[in-house]
């Protein structure tokens, strides 16, 4: 059974290593500061005992006030998981550091989020529309997008 | 003498016989060798995730059928499990068992198509896929018995199933799982040591363990590379913890290993179905849940299952209304394409098609 | 016994041309018509036969709605294809595009000029028949290359390149494998080869190795599966005739099956005793034997996957070529050492030599091919 | 002899993508007109024909209706019902239709099995344009007819008839193989009534 590490438990250790990185925690997720996402993710990937080597999924949700990007991390070795969350309050030009350097699996998913949600991932090698065509107006996954 | 050569850009797809739907690759060739490839998606982007926001939770079930249309039952199950987790709906025992039977049958059907079309991509003129579709038809018949549909079943409901299986189903299922191993033996005889098949697939498209994990590959792709990671064992959902089965793994991570993994998984699925049939309890197949509208409490949930292609995850956000606020689908086919470039570059066009066939994608799930 | 000879005396073309009224011309006209009828009828029958057999092998019916047993299916296809619109793609080399199907089809017909349907019954009994067959049959490649080049399409170009590469390399083992037969028969004339088989045994027993090399090499030359790289549906769409429609495509389709017919008849002539055989009239024996060979072709097509281009080349140069050379050496030694040797002695020796060589070579044969550093 | 590759990336993918987007937008804008009446031919008066031409007509129509080669155009779910139809149980090879040409030039019939998106639409139109006359289209499935279950989506074309003229509609989501076979029979009927030589 994959053990879902509780956010509070993990946050306590992380806060000492990278101060100011964690904004909030919940039972199974940690909310990470935008700037320290990369260093924190690198830490999670390499730290013995954690070793989150597998990035299951990336999602973005539009909450009107802010966008939330959600990373599902799993460790194949220790069989435990954690949910990382990042928020982005800029609606006009949202940007978040890209995790492609750590997990190649993020490549297509970040590209898709850029296409459908309009969040730019900084440092992504190929940040362009993936499923929709160039010239499509708007980003359909946003809540204020009207289909017709 | 210096001869100037210029690479050739070859557009493979979207309407190409072996791109399994409408996938497109923009390949740059040097002679016959592919030196660069750029996958292009979106030719079947139907906006399923957006449509989910416009529909109630119940109304979205038929759309999940059309995600990975080769394994519709598995998608139904994954989505229903996500909503059940979100709204804390209990599922009766019998329903869980029937779900497992359906999911495993669907896994066999999906792998049959995967292996068949993979061999078709290798150039075996239609024969393997026609034989494998012959077996798939038997599974489709079983599904038709329970749901009335041949491809898009819409069979599962929150808290169970839409209806119990008919009386004729179990004898028919027993007959099928008694036959299936024999068919698999037949395929092994024909294909396992076929010289040309070995020459075409062994060592072709090697995906190393590290790359597979780093690229978030799941399913037979990951297991073909030698990582024994199967959500049915690693994170047992439903009643999978009560069954005995093995996780077949490849050694080298080449196309042949992936093909073998799929064949072996079919045998394991037969094993699971046999055990599930023996343990199948009697009782209701649906807990007391509202038929039309459910209003899960506000919150979010990520639920994943091991679909034939890999980890199929549903990320649902509820705001307490009758429709999901956000529904994200982690399509395994889509993410399995991350390593496409690494696997294909440096191989010939013919190999590229074989490697691509061994990934086994379904465009409905890639573009969603 | 009423033989066919009595019923159809016109089939008896024993005499040489000057015996005929009108001299050579009658002979040429009659035989041209016979060859055309033979090729067209058999090709249509072969198409029907292949589709039915493939259907059976793939656990289905095959065409059976049009005419009895679906016999008219190929006719319907032919009429339809001929009446379809003819498209010349924009940017294509129009003359080359137009000529390519003709260049591909005509040489296939020309091969039949030396094909003996009976003892001495051929359009012309060339004393360099084998050479002629080999020379003429390779011209089709030019047509395919023209089609690939003239279509202004990348897929057709790749297909044409594959074709030239494969034909150039397979020509050598195929010709070498025939050298053994020529040594045994002591003649390059096709009719003499058949006649010498009629006197002893079919050469497939005396030349098992040559038979294998010729059959496999021939399959590669006419691009039958598993060597059908130029029409590899799953890779390069429809290969060299991707841009062809209507009548021109029909010619290519015809040429493809006519080539299969050529290979079948050649194998029957060189190795299976050609027109020789008891009871049935000779021309029927030829047809029956070619049909049997064609059945094997269809069988192979329904069974095996396709090889890759580099494996195709490796197979020719590293497997068939040494085999053909060794076969030639062994045969030459035998012909010199035991010029009067009985088939009884030669058959087991040759089969044993062939088996040992094939096993030895296939043990050491690596199809090769690996990832290229890009 | 050295081989010197001049450059590796011979294209600018941004340009190609841009061009593709323009093509899609242009087609989308063009396809917004109402669909013309497709039953118009029903009210047309049948032209009279001589005995000779009628017989030739019959032969040609017989050939055309019995030799339908379909082209590869299988975007989505219905493709699997098409495969089932082609496979041994339902077996369209009985009608001589097992030849599925990968090249549209040699095909007569486009069975549009699956949802059509705007991104795919120019390609389908191009396949149709590349097919040689006479050519026929069967719109298979609800998505092919009207967009079906995905009609309200932003990316989906509401029916193939916006892009290509359709001869036979086969409803169902997806249609059963029997339904597809029936649709093919209907198309054969339609073809066998065609007049090739008009007075």
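Points to keep in mind about this one:
Letters are used for the chains, namely A, B, C and D, taken in the order the chains are written, and counting of residues starts over at 1 for each.
Basically, contacts are C-beta pairs under 8 Å (C-beta built on N, C-alpha and C of every residue); 3 or more make two chains touch, one makes a residue touch a chain.
Keep in mind it's a predicted model, so treat the numbers as computed, not measured.
For the pairs B-D and B-C, the larger set of C-beta contacts lies at B-D. The chain with its Cα centre farthest from the Cα centre of chain B is C.
Rounded to a whole number, the gap between the C-alpha centres of chain B and chain D is 28 angstrom. With centres taken as mean Cα positions, chain C sits 44 Å from chain B. Averaging Cα coordinates per chain places chain C and chain D 37 Å apart.
If you average the Cα atoms of chain A and of chain B, the two centres end up 25 Å apart. Shown for chain D are the residues in touch with two or more other chains, namely 87-88, 102, 119, 152-155.
Chain C has residues 58-60, 233, 237 in contact with two or more other chains. Annotation for chain B: residues 8, 16-17, 30, 35-36, 42, 45, 47, 50, 54, 130-131, 134 touch two or more other chains. The set of touching chain pairs reads A-B, A-D, B-C, B-D, C-D, using the touch definition from the header. Partner chain D is touched in their complex by these residues of chain A: 128-129, 131-136, 140, 145, 147-148. Across the complex, chain C meets chain D through its residues 51, 55, 58-66, 70, 72-73, 75-81, 83-87, 233, 237-238, 241-246, 249.
On the chain D side of its complex with chain C, the touching residues are 59-60, 62-64, 66-67, 69, 87-88, 91, 93-96, 98-99, 101-103, 105-106, 108, 130, 132-134. Those residues of chain B that touch chain A in the complex are listed here as 41-42, 45, 47, 49-50, 53-54, 211, 213-217, 227, 229, 234-236, 300, 302, 304, 311, 313, 315, 317, 325-326, 328, 330, 334-335, 337-339, 367-368.
Partner chain C is touched in their complex by these residues of chain B: 8, 10-11, 16-18, 30, 32-36, 119-127, 130-131, 134, 194, 196-197, 199-200, 203, 206, 345-351, 353.
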